[in-house]
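Two complexes are shown next, each including subunit A; its partner changes from subunit B in the first to subunit C in the second.
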Partner chain A sequence: MVLALVAGLAVACAAPLIHRLAGSRAYLLLMLLPLSIFGYLLSLLPTILAGQVLSSYYPWVPSLGIHLDIYLDGLSLLFALLISGFGALIIAYAAGYLKGHPLLGRFYGYLIMFMVAMLGVVTAGNLFSLFVFWELTSLSSYLLIGFKHDTEDSRNSALQALLVTGGGGLALMGGFLLLSTAGGSLSLPELLEQGDLIRTHALYLPALALICLGAFTKSAQFPFHFWLPNAMAAPTPVSAYLHSATMVKAGVYLLARLTPVLGGTDPWAYSLLIVGGTTTVLGAFLAIQQSDLKAILAYTTISALGILVSMIGLGTAPALEAMVVFLLAHALYKGTLFMVAGNVDHATGSRQIKQLRGLGRHMRPTALAAALAALSMAGMLPFFGFIGKELLYEAALEESTTRWALFGLTFFSGIIFVAVALVLGYRIFWRKTPTPTPLLHADGPLLYLPPLLLAGLGLLLGVLPALLVTPMLRRAAEAMLGEAQTFELTLWHGVNLVLLLSGLTMLLGWVLYRATDRLHALAPRLAPLYHYGPNNLFFKGVKALPGAAAALTGAIQTGKLRNYIAVISLTLVGFVAYTLIPNGPPLVLADRWHLVTNVRLYEVVLILLILAALYMLHRSKSRLTSIAILGIIGYSIAVFFILFGAPDIAATQLLIETLTVVLFVLVLHKLPAFHTLSAIQQKPKYIAVSVLFGAAMTYVLLLVKQFPLDSPLKEYFGQASYLQGQGRNIVNVILVDFRALDTLGETTVLAVAAKGIFALFKLKLDQEERL
Partner chain B sequence: MEIVLCFVIGILFSVGLYFILHRHFFKLILGLMILGLATNLFIFVIGRLTRGGSPIIGEEQEVALEPFADPVPQALLLTAIVIGFGIQAFAIVLIKRVYQTFGTTDLDDLDSTDQIHSPKPPAP
Partner chain C sequence: MNTLILGTAIRLLVPVFQLFSLYILFRGHNHPGGGFIGGLIGSIGYIFYAMAFGPKSVVDMFFMRLYVEDRADTRSRSQQLLQTIKKNTWQRKKTLEQLKKGEKKGIHLEPMLLIATGLLLAAGSGLAGLLLQQPYMTALWTDVYLPILGKPGTPILFDLGVYLMVMGVVLKITFIMSEE
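Right after this comes the complex of A and B.
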């Protein structure tokens, strides 16, 4: 399986080349990849159906517990088969839909990359590799939505989808990290057995919230649903593949996958039921107001995703069983309907249902596929959609506490699905009209065969469910429930409450369909509501972002040196206070008070001299005086060095001080005269910063001096200086012998400074550069 | 004595920083120099003070006899003072040059690289 993924990525990279070499028949070559993966998965089917789980181990970053593990059970296999089979059809369909497009090769590449990423998501056995593939699906979705990159709409929609799903991805990563902390492993099979431990862990709730956020953004749940209709800016093959059948189901897959780990608690059930339920109703409600074929399909997809999430939230055996059946049914009919919408668009150049009339006569195969898929969507006998809907109703009715609310949702969306199915399957093709919409292009076999195949599969599965899918769906449900499932899928359950409700759904759906035009007339009145919708808020936020960033940067980055230095000093003081005052040792001054009195008179004189000099420096208005005063301070400090046994430093200090004064005097006439620049109101602020800084330094110094200095170095250099270094002045020996390399570094610094000064003097700026 | 010096060092740091926080070039240099002095003294005092007792081995001895001052901070300080001088010299010349080129003495005028010219927000 790892081999298949790697091969897939290689093919994705090579796709543009293959397209250039093989021309318009490239799709036949490229289809080999998904078909061979599909075949390989089919060959694994007996093993999985026998109840085994295939897992392989491939170390990636073993020290962090990150592996490219593969974990393939019924649930994974169901998704993987769907992805690879659908992928093959989509490549063929894209070849027809984008025939002659100059970037078709690149499109194939993106599509295959997405397929590989999606296969990676559903077969990953390690949270981290799952996350990597998950992000890869977001990225490839971005590239595919933005495929028509010359239109601004496409680019914005692509960016929106990336930001929403990418943001969810970040939350997901956080959730995974918490989950792995709680469960003690990143490995999926190990986590699946830790469910009880994780559900009682303190990190359970945050992990659940973050993982749900990731899944909800990916699966376009309310309030993140808005990116999906915008994503319809992508070419239709992408909408059919990513945004109805596979990628948006990644969130559903994740929730289903983690049901044994996270599921079964109240927070889980309520958050999924409420979010899923809201999404179901909202999607259905918005779908009926749309007049663009793809928008209608997008909103019904949102509604269907809401149903899937609610069913996972319900978590009972019938609910999860209904979930997998409906998931498969929905992928088959919705993929078909998207391709039908694409064919109509391709043939007539329009997707507005008001402009589309009487297409059936000239697009018979497409119309047939549309009819088959629409019947499945409406939940008509004997299609697979019928089984799905029956199971949904049963599952919703079985639960006692939320019974009517849940049934209400599914019933409401069921009615709208019927109405939408009538629009797509009947109205645009067969309603009697004197003026059929003229066709611009005929639809070729590449365009109508894939939807026909999918729609036909929907019928076939409906007629023969036991033979074809029941065993696999059982295994898929088993992966979520953790125990063997024995349910049977049958078309005919006899005349019972659910069947009657189905009939009622049909009837009400038909009534609603009759009122479609009136509803569309009402739709503009709801437009002000969209103003407050999340989509509008999103774009407003994106638009405001550069301005906010500029304002923030302007506030922080003032361009004034003093502000920067004040912030740096205060930060330093803050850190010192934060680390030393609560945790550090207490400052004890009491028993050291006698040290204060241990002061010689000449020392007091020196200190007074320094303090007086500082005061005069502050008062001084003349540059020359300032330099002279600075010299006094420097010399006084040099005398301190002499008094406390450091004649070498004192000598250096005296020398340097003299040099500095000389240097100052040399360039003094070129330096600006004094004048007050700072506003008087600013002063207290800066005085406060300075005093705090000085106080912090004193505090540190006093604290350090509370402890004895046990430096073995002093002893060592005292012993070794003469015997090893042949020198009596220990400081000198250290500088030129023991640490000679440091002294070389110091000399280098001086040389660099000298070079810099020389360069500054030599620098001749042109007149323009002088400003 | 050491305690008194601790406070003197604190005052030196305060005054140095206060001068640095001025807008005038010249005060900035003065502040830098005082801050350098304060830092040197800081290192020196942290290495403990010993009255007299230079770290020099007498003519008739082979090893240093207590009490003698710790030579390690002194060696560090020597390096620090010399490098500090390099920085001061460079800063003095740099500021002279900036004054000649831009004709200003105000640090706040030197903000052209930090100004953000609010960009036009991209159209949606």
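Right after this comes the complex of A and C.
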């Protein structure tokens, strides 16, 4: 599995090259990757179905417990099969949809990278590797949504999706860290065993909140749902792949995966039920007001995701069964419908349902796929969607406390799904019209075969559920519930309450469909309300950000060097006082008078020199004199270094002093006149800062010298530098060998500083030229 | 500040500065010295030269002038690179004449390139350890002893990187400031 992931990343990088070499046939080559992963996963199917869990262990940073583990059970396998199978179809579909696009090769690359990231998320057996792949899905989806980078709309949507899911990712990281602290491990299998311990841990609630935040942003739950409809700016293959079947389900996967760890408590159930329920109703409600095909699909997807999340929140065995069945059914029909919408857009150049009429005659295969998928979405009898809906109703009705609320919202979204399905499967294709929308061109087999295949699968699974998917779905539910499941999926349950309710859903959905046009006429009246919706708030926030940043920068960065120095000095003094004054040892000066009496003559001379220079510095009225005096102070300090046996530092100090003077001389005549910048009243302030800083340094030095300095380091480096470092100059050996990484970091800082100075000077020049 | 005495003296002094800085660099492992100080000393020579003749003349005088082949649409990047290398090595004399006459345009290696080379050298010297399955920056030594240079090993490469980097940074900053 690790091999598959690595191979996938390699193929993703090579995709543009393959596309250039193989031309329009590249998709056949590229499809080999998802197909072979799909085949490999199928070959694992018997093992997983037998109840085994496939896990492999690949150490990454063993000292931190971070590994690239693989953990493949029923739930992972269900998702992984969906991702790789869909991936193959989408590559073929993209080849048809973006035929002749100059950047198609790059598109393949992004798509495959995304697929690998998703596979990584669902098969990861370590929280950390899961997180890394999770972020990779956010990044690659950013690239995919912003694929039409020449339109502003695309770029904004891509950035929005990245900010929302990336922000959620940060929360998720925090949640994972808390979870691993509570469970004592980063490894998923180990955490799965410790659910009881974690649920009673003090960190449980914060961890739950953060992980839920991550999952909700990814799965477009209210109030973060707004990025998903905007993400429809992406090319349709992306919408079909990311925004119906895979990426938005990553959050659902995460919640499902962590059910044994975090689930079963009241906070879990209520937060998931409330958020999921709100999302369900809101998504359905917004969907019926839309007239753009992809927007309708996006909002119904949000609604479906809400149902999935609330089912996980419910957490009972029937609810989780219903969740896995509905998840599969939804992926199949929604992927198909997205591709159908793409075909219609491709063929007619429009996605507005009011402009689309009578397409069925000329787009028969697409219309057939649309009809099949729409029937599954509406939950008609022989389709897989029917089984999904029946189970949802059953699960909702079985729960006693929240029975009617939960059923009400699944029922509500069910009605709207029926209406939407009628619009997509019937209205735009088959409703009688004297003036069918003209087609720009017919759709090719690459465009209609993938949706047909998916829609056909929806029918096939509906007819033969027991044979094809029941065992796998059982294992998937088992992964969440922790015990073996024995449910059977059958089409016909007999005439009972659920079936009657299904019929009622159909009827009401049909009524709603008849009223679609009238509803659309009403929709603009709600527009003022959206002004306060999260989408607008988001954009307002993003727009306000630069202003706020500028205000903050203006407040902190005064542009006056003395303020910066004052802040640095005062911070240091503050920290020294904070640590040393309550806990530090007392300063004993009584027996250290001999230090003062033992001062040698040349030391006194140097100190007098420095003091005299300082006095002169304050009196000086010209910049040149000040520079020269500063030089004197610097050279005196260098002499001190020599006297106390540090020739390396002394040499550096001498050279730096020389360079400073040279640099000053170079720029002297360009500097502004030498003014006294601070008023006389402000001077005491700066004197106080200087005195404080000097006092703190003196205090620390005296305190340090009070204790005998017998550090083993001196001896160690003395010996090791010759024996291991092959050099007798300890300072240099430490710099280039023992602490070489630090030196590398410092030199990098120097390089960056040089680049920065270069940029600043050039910037100023350019501005002058412009003026 | 183009005075005759400074100008004449600095012409003679630059090689001395250069040799001395290299000496300081290589003795650094056993005696006071090293890449940082060496780089500073080396750069001071050039700075004096720049003070006498202007920074542009430093670049003209001491920094290698390279000719870069324009890439025709029909040629691949590798062909362009090969052509550039060819023109700059065994056809160099001819190319330089053409450059001088202004028939072809060339580019100067700049202090920025010194910085980049230095960083690459310093960071790259650590890779040797990595290739031998040891932690990054593990020092490797040979058993040969060379006069003046001492024992060759990866820390010497690292120090050379620091030397180039420091020299590049100082020169870059000085040149920018004096150009302004």
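The rule is short, and it goes like this: the second predicted complex is superposed on the first by the 563 of 771 C-alpha atoms of A that agree within 3 Å, B and C clash if a C-alpha of one lies under 4 Å from a C-alpha of the other, contacts with A are read in each partner's own complex, and residues count from 1 in each chain.
Simple rule for what comes next: contacts are C-beta pairs under 8 Å (C-beta built on N, C-alpha and C of every residue); 3 or more make two chains touch, one makes a residue touch a chain.
In this text, all values refer to a predicted model and were calculated from it rather than measured experimentally.
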Just subunit B (first), just subunit C (second), both, or neither: which does A:D648 touch?
-> both
For A:I656, select first, second, both or neither according to whether it touches subunit B, subunit C, the two together, or no partner.
-> both
Check whether A:A740 is in contact with subunit B, with subunit C, with both or with neither, and answer first, second, both or neither.
-> second
Please work out whether A:S569 is in contact with subunit B alone, subunit C alone, both, or neither, and reply first, second, both or neither.
-> first
Mind working out whether A:L601 is in touch with subunit B, subunit C, both or neither, as first, second, both or neither?
-> neither
Winner by number of subunit A residues touched, once subunit B and subunit C are compared = B
Taking the superposition as given, does A:T748 touch the first partner, subunit B, the second, subunit C, both, or neither?
-> second
Pick one for A:K714: touches subunit B only (first), subunit C only (second), both, or neither.
-> first
Should A:N729 be classified as contacting the first partner (subunit B), the second (subunit C), both, or neither?
-> both
Residues of subunit A at both interfaces, subunit B in one complex, subunit C in the other = 647-648, 652, 656, 659, 663, 667, 670, 728-729, 731, 735, 743, 750, 753-754, 757, 761, 765
Can you list the subunit A residues touching subunit B in their complex?
-> 152, 156, 539, 542-544, 546-547, 550-551, 553-554, 557-562, 565-566, 569, 589, 592, 595-596, 598-600, 603, 607, 610-611, 614, 617-618, 623, 626, 630, 633-634, 637, 640-641, 643-649, 652-653, 656, 659-660, 663-664, 667, 670-672, 674-675, 677-678, 686-687, 689-691, 693-695, 697-698, 701-702, 704-705, 709, 711, 713-714, 717-719, 721-723, 728-731, 734-735, 739, 742-743, 746, 749-750, 752-754, 756-757, 760-761, 763, 765, 770-771
Complex contact set, residues of subunit A against subunit C | 647-648, 651-652, 655-656, 658-659, 662-663, 666-667, 670, 724-729, 731-733, 735-737, 740-741, 743-744, 747-748, 750-751, 753-755, 757-758, 761-762, 765
Quick one: which bits of subunit C touch subunit A in the complex? Just the residue numbers, please.
-> 28-37, 40-41, 43-44, 47, 51, 112, 115-116, 118-119, 122-123, 126, 136-137, 139, 141, 151, 153, 155, 158-159, 161-162, 165-166, 168-170, 172-174, 176-178, 180
Contact set on subunit B toward subunit A in their complex = 1-15, 17-18, 20-26, 28, 30, 33-34, 37-38, 40-42, 44-59, 61-64, 68-72, 74-75, 77-79, 81-90, 92-97, 99-102, 105-108, 110-116, 118-119, 121-124
